[in-house]
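These notes open a run of structures that come right after.
Paired with chain B in one complex and with chain C in the other, chain A is shared by the two complexes that follow.
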Partner chain A sequence: MNIMLMLLVVPLITAFLTMAILKHQKTVWTIFLAVSGYLSYALFTMYGKWDLSWSIELGFKMFGKNVVLSLINSPLGWFFAFFASLTTLLIAMFSIAYNDEKHDSKTAPIWLLLIFSNIGIFFAKDWLMFFIMWEAMSTTAYFIIAHGKEISAKAAKFYLSISLIGTSTLLLGIILVSRLSQTFDIGVSIDSLVKLFSTNYSAALLYIGLFITTFLIKSAIFPFYMWPSKAYAESPDDFTPFLSTVMSKYGVYGLILFILPILAKSDLPMFGKISQPAYMLAVLGAITSVLATILAIFQTDMKKLFAYSSVANVGYIVMGLATMSVVGIQGALFHSVNHMIFKTAIFLSLAAVIYRTGERDMHKLGGLVYKMPLTFLVYLLAIISAAGIPPLSGFTSKWLIVQALMAQKMLFVVVAMIFASTGAFMYLLRCLASVFLGQLPDKYKDIKEAPLLMAIPMTILMLLTLAIGVIPGIITKPIDAVLTGMGYNVEPSSWTTVHTALAKSDLNLTYLFYVFMVACVISLIMYLISGKQEKIDQIDNYTAGENPLEWDTTPDRFNFAYGFYQPFKQMFNPMLDLISFERWMSSFGRIVERASSALSLLYTRSEGAILMLYIGIAILIIGGMM
Partner chain B sequence: MVVINIILYSLFAILVGLIFMGIGRKVSARMHLRYGPPFYQSILDIFKLMSRKSFTHNFVMDLGMVMALAGLLGTMLYVPIAGHSAFISNSNIIVIMYLMAIGSLGMAMAVTASGNPNATIGISRALTMMLGYEIPFFIIVLGLIISNNSSSISVIAASQAGSIWNWNIWHMPLGYIAMEITLQAMMGEKPFDAMIAPAEVASGPMVELSGKYLGLGLLTHAVSIFVETGLMVNFFFGGGSNPIDFVIKQLGIYLIAVIFDNIFPRYKIEQAVKFLWIFPTGIAVVQLLLLAF
Partner chain C sequence: MNSVLFLIVIPLLGAFLALFGKKANRIVAILITAFTEIFSIMIYLSDKLPVSVAIGGWQAPYGINFVLTPLSVGFIVLINLAAIISLFIIRGEKEYQFYSTYLVLLAAANGIVLTGDIFNFYIFSELTTFAITALIAYPRNRRSTGAAIKYLILASTASSFLLIGIGVVYKTLGTLNIADIASKIDLLNPLTLELIIVLILTGIFVELELFPFNMWVPKAYFAGTASVNVMLHGMLGTAGAYIIARILLTMFAVNGSGMLVNANIANAIIVIAMLTIFVSEIAAFNEKKLKKVLAFSSMGQMGLIIFGFMIGNEQALTGAFYMVVANFLAKIILFVLTGEFIAMTGSDNWEDMKGIGRKHPVAGVSFVIGSLSLMGVPFFAGFWGKLAVIQGAMSGNSFMITGIVIILITAVVEGVYFLKISHTFFLKKEDEKEFNAKARIHSIVIAAALAVIVLAIGVHPGLIENNVNRATNEILNSTSNYVDVVFPGRY
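== the complex of A and B ==
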């Protein structure tokens, strides 16, 4: 059987199989792990075989030809699909341990359907396949986010209504573009849009605007940046990493697949070194990352905090793409993978914390490093990577994007990038300080380290981010294939060094790692040769060695966590009130809700039914008279 | 060979930083009409602190302090000293900016792990301040990168070689003024010392540190002084023709900061950030626009 088809069929069939045995949750999640393992393996063997394809001819005609649904193994699709399934594999392992009696979300079958559509989106060759899979992805994700909880269902509704707007614009775009190019093939439609740009600029801009809207909604780019904070926060804890790392990349994939080639080939008005639409995209990315960073700094709920952080990271990726240069796209693709790795590590370690404590508010936790040292270590390395600090992987991709932006002289965009990544430092440390450091509340005195099955994927992710940080070639080599597939002329990248367009600015990351290690050794020697240290209890230092009980007082615990950046927040409050797009959107949502509930009265209430009857009769009469 | 180089450069930077701190204390004392300690006092302090018995609360404190010093030493190694450096590299500015963050992260982690709310307040202020000064700093750096079409410090320093009139301070005076203000914040000197603020948060980050932890913190500070003044010399003062020239220029820059430190009172943290985002950032943006167009 065709391997491309197998990739689709296996998750689809197992999805229905697992629905039958939904009672045996452990088995279901193990099957889920096995399927993601199979997909990762199959995708791994597919690397380099860019001629694999599959297609089926349907029985009805359109544009004078039979309609064809087809899949193709393109380097770009492979790149996203492989790393997505690798992430899924690690999350799946975590999920087996996470979904016990207490935390069970029973979402495995739907998740398998989601993986099915995931593969379909990344390998689709024509717009019909793409749209079917896109729609399947949007709706299945709704059911996982809702997972049978009232508050989650509310968030899921928000997600669904926003993504319905996205799918509608996508459908409209596909109809217009395929009418123009007289086929559903994606490659052909790119060429016909390029042609349209030379004849009718504003119409072409409208066409790609429809697609861009869809992709921006899916990737939560400004002005649609607010749904993740709801959907990510309320979805099951083990699904959040998938939502945040894999599903936010669909929009990025769409931009690279369809929008970038058009912008690169068309003759467009320029702004500085790059075309105006691309610059617009970069500005949107910049606004997104700055805004999301500021919002993330002020969150007290850790899942909301990292939801905004994901939005900011996708903002970096869009900025990288918008440079339209080799280095920028390389950085964007690299950051996509990095984001998958470190954000999965962060969300999994937080899921482990929630699994043990049942608490999502950061200020109610504290001092967990004493009880969960491994989780702390995973979180620490992941945030070092997320903050873009060498020698971990996040640095390389951010560095590439910054270099590309500077080489293209996109001055204010790059300043926004630096603002966002310095701000990232603030919110990442806020969560570290509030959750893992500080003083341990009494009620968490007996919690244990995360179970083994959770610890394994977290450790693998931690090692991955270190390995990629030291040897960037692991990711840049596949990126070469992607860039070649996109028609860029690239030199084969080296295992250790990353290159940029600026003069004399290349960077050897392996060397950087060695230098940092030597510095660590020097520092460690300083530490070791100096005097002995004694480990004392917190209270000893607090009370200068006195026992509070003897003074008729009880030792209190203080964590500075709730208003961590209060002075800073006060600076931003007026601005945040002004731009609260979310408020505007929710008022819009309320209007829609009222209208639809009024409409539903027509068939749920008897008065409505009678009214409908009369209307029907009236129509009949009028129809008869005409 | 490279390893020995790295060790020697590290010791050099630590020594220079400590002597600077000593001289700074002497200058402050004279401004206060005191006599002041000898210029090598900071070195004596280090020996004293390192040999004392010290208290720790958990392993994160130890890890964080070691990480802080290692991060700053790693950063220092990427800064070319009058064209010399411990190993051959392009001395990329972006690397330096991000490597310096390891130092901040390590310090922040260590002192937060001590569990003292004062320390955590200090850290929250320090990070807010960091966001405040990174913006003008990066805009200045961006101007330098755009005008040289390279993000290598060596290239920027080499472009000013020759006479004193080639220095960037004459080419981009506005950038220099912005950088001088920003540097004050980067070094945590007044008016931008809200994170340490002994009167409000009991020295903030340092409150729970004792003995060798304080010693490591002092060493980190010494190296950070070396790095920050070194960047300034490379950016605006031609990078120095030899290491002695380089160090003298660094000392000059450091003393300016010390003098300002003794003159000004302290900003509240939000005032400091607002100030940094209005004045130095504004000046730097004007400079950037002048360079770009």
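== the complex of A and C ==
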């Protein structure tokens, strides 16, 4: 059987199978793990076989011929699909342990359907296939986010309405573009849009605007940045990493697949060194990452905090893409994978914390480092990577993106990127300090380390981020294939060194790691040869050695996590009030609800029925005379 | 082929018999409907179509004739399928009035579709009006009586318009035969033609549930029991879709090309279709009564179907027929399940229906499939209809593109309320109380079977491609496919 078809059929069949045996949770999640394992393996074997394809002809005519749905193994699609399925595999292992009687979300069958559409999106060769899978992904994701809980259903409704707007614009765009090229093929539609840009600039801009809107919505780029904080926070804890790391990449994938080639090939008005639409995209990415960083700093709920952090990270990726240069795209793709790895690690470690404590508010936790040291370590390394500190992987991709932006002289965007990157420290460390450091509340005295099945994927992620940080070739080699597939001329990248855009800024990350290790060894020696240490009680740290009783206070719990950045918040609040799209959206929702009530009142009252009939006749008569 | 009269005569005879039967009525009704369904399927599958049957040997245009084409017999099959389902889901004992009026409705619905005579069409549509009124009023409470009176007033006002329109046709053209009118339509002067079209359209738009004419719809669906809902939707609504195809696109077509003879009025109808889609989907958004939500959605789908019909190219027509089938199947699923859910919880409000999907996962999933198909999500039958209608509208003028934008905007609203409702069934039940009544297995089986069909058409649209193509072809070349059948050799 065709391997491309198998990739679709296996998750689909197991989805129906697991639906039948939904009561046996552990079996269902084990099957889920097996399917993710199979997909990862199958995708691994597919690397380099760029001629694999599959297609089917349906008995339905459009443009005078039967509709054909087809899949193709392209380097770009493979890149995203493989790393997505690898992430899923690790999450699946976590899910087996997570879904016990208490946390049972019963979402495995729908999740398998989501994986099915995931593969379809990344390998689609024509727009119809792409759209079918895109819409399947949107609706299945709704049911997983809502997962039979009232509060989640509210958040999911918000996600759904925004996501449906996205599918509507996508459908309109697809119909317009395919009418232009008289076929649904994506490659042909790129060419015909390039041609349209030379003849009718504004129409072409409208066409790609429809697609860009869809992709921005899915990746939560400004002005659609607000849905993740609701949807990520309320979805099942083990699904949040998938939502944040894999599903936010669909929009990125769409931009690389369709928008970048068009912008690269068309003759467009320039702004500085790059074209105007691309610059616009970069500015949107910049606004997103700055805004999301500021919002993340103020959250008290840790899942909401990292939801905004995800938004900010996708903002970096979009900035990298918008440079339209090899290094920028390389950085963006690199950061996509990095984001998958470190954000999965962060969300999984937080899920482990929630699994043990049942608490999501950061200020109600604290001191968990004593009880869950491994989880702490995973979280620590993940945030070091997220903050972009060498020798972990996050540094490399951020370095590439900043270099690409500087090379294109996009000053405003560079400033925004550096601001967001620095702001990231504020929220990353806040969560670290509130959840893992500080004092342990009494009620958590007896909690244990995360179970083994949770610990394994977390440890693997930790090692992965270190490995990629030291040997960037693991990621840059496949990226070479992607860039070659996109038509860029690239030299094969080395295992250890990354080549960047500016002169004399190439970095050998393995040497960097050696330097780091030497520094560590020196610190260790200094620690060992330094004078004798005294262990003091934790409370002395807080009271500077004073006895609280002498000052008429009690040695109470000191928790600084609530209102952590109060002055900072007061500084930014006026600005955030001004641009709250969330409020705009909900007031629009209320208007629709009012209109709805008014219209249904029209039908409840009986008086106007005949009058309305005559209005209808009037429409017909007037219409006939026009 | 005179036996085709059985499709009308046997239900009518049954209606008389039902006056005397007591417990046996339900069995008799089921047997009669099963007969008409099997009989119509046999006609559809036989290779004798298309054929015109002159009643009593009086040839058209002087006598009444029945025209059996793939289109009309296909619709008969759908109507009788809905009829049989509506009988199976009747809850509790019904008296003879119910079955008697039901059989009249069946005869009249079959008659509307089969007849080739416009006055005969008027008579059958009057019959459906009275049958439906009686069926809505059957529970004999305040709510149902009010709804029935409202429907009766609107429908009889409309049918007086229809009668005047038919009178004007007879005065000017001297004929009542649809095929005859279709071949002579360009003899009329434009103003007379416009008058006739406006009068007849007013007459049929009330039954078609289009916006300013449809003030009766939500109350009627709300007051009727689940089986009456299925009749209203599956029999009356489907017959309505046929009326558009036959009256608007055949009788009033330019040279049998499937385009309305007066382009201005065609645009006015498109405006009405857009208004219907917009108003109904917005009104459904905040509605708490599940049956009213479905009623509003029925109106919206009808607006979409007529929008597809009025665009006037092959792609859009194909889409409209796909949509007829998808809407027919999906909405029956929803009405059948809604009846069960209301009986189980004892509440009309969908917010009270938590926990049903957890207790009956098959029912819950079928409801989800029905709603996804109505939303036009891929993998379900509704998608292909929506795709083809939008694609067809794209090749129209800028006016049509407004329609597309409205469809896409309302699709968002529709998606939100449908998925919101379907997810409610999977929420945890707040109290531990048992449900008032048990779900009946056969209703769930019917719903699940239809859901499987919806899924099958969605995955493989080629399943009904042939049938849809035959119908589309008949509309697009109605001179050779319809007029020639009635009057061989006229062209």
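Everything that follows uses one rule, which is that the second predicted complex is superposed on the first by the 574 of 626 C-alpha atoms of A that agree within 3 Å, B and C clash if a C-alpha of one lies under 4 Å from a C-alpha of the other, contacts with A are read in each partner's own complex, and residues count from 1 in each chain.
To be clear about the criterion, a contact is a pair of C-beta atoms (placed from the backbone, for glycine too) under 8 Å apart; a residue touches a chain by one contact, two chains touch by 3 or more.
Everything numeric in this text was worked out from a predicted model, so none of it was measured.
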item: A:K61 touches, of chain B and chain C: first, second, both or neither?; value: second
item: Chain B versus chain C as contact partner of A:K23, first or second or both or neither; value: neither
item: When both partners are placed on the shared chain, which of chain B and chain C touches more of chain A; value: B
item: First, second, both or neither for A:G616, with chain B first and chain C second; value: second
item: First (chain B), second (chain C), both or neither touched by A:S596; value: second
item: Which of chain B and chain C A:K102 touches, first, second, both or neither; value: neither
item: Chain B versus chain C as contact partner of A:L524, first or second or both or neither; value: first
item: Intersection of chain A interface sets (partners chain B, chain C); value: none
item: Residues on chain B engaged by chain A in the complex (per definition of touch); value: 3, 6-7, 10, 49-58, 60, 62, 65-67, 69-71, 73-74, 77-78, 87, 89-90, 92, 94-95, 98-99, 101-102, 104-105, 108-109, 112-117, 120-121, 123-125, 127-128, 130-131, 134-135, 138-139, 142, 145-146, 149-152, 154-155, 208, 211-213, 215-216, 219, 268-270, 273-274, 288, 292
item: Residue ranges of chain A in contact with chain B within the complex; value: 367, 369-370, 376, 380, 384, 387-390, 395, 398-399, 402-403, 406, 409, 411, 414-415, 418-419, 422-423, 425-426, 429-430, 432-433, 437-439, 500, 502-508, 511-512, 515-516, 518-520, 522-524, 526-527, 529-538, 540-542, 558-561, 564-565, 567-568, 570-571
item: Residues of chain C defined as touching chain A within the complex; value: 146, 150, 153-154, 157-158, 161, 194, 197-198, 201-202, 205-206, 210-213, 215-219, 262, 264-265, 267-269, 271-272, 279, 282-287, 292, 296, 315, 318, 358, 361, 368, 372, 377-379, 383-384, 387-388, 390-391, 394-395, 404-405, 408-409, 411-413, 415-416, 419-420, 423-424, 426-428, 460-463, 465
item: Touch list for chain A against partner chain C, complex; value: 22, 58-62, 131-133, 135-136, 139, 142-143, 146, 148-150, 153, 156-157, 160-161, 164-165, 168-169, 171-172, 175-176, 179, 592-593, 595-597, 599-600, 602-604, 606, 608-610, 612-613, 615-617, 619-626
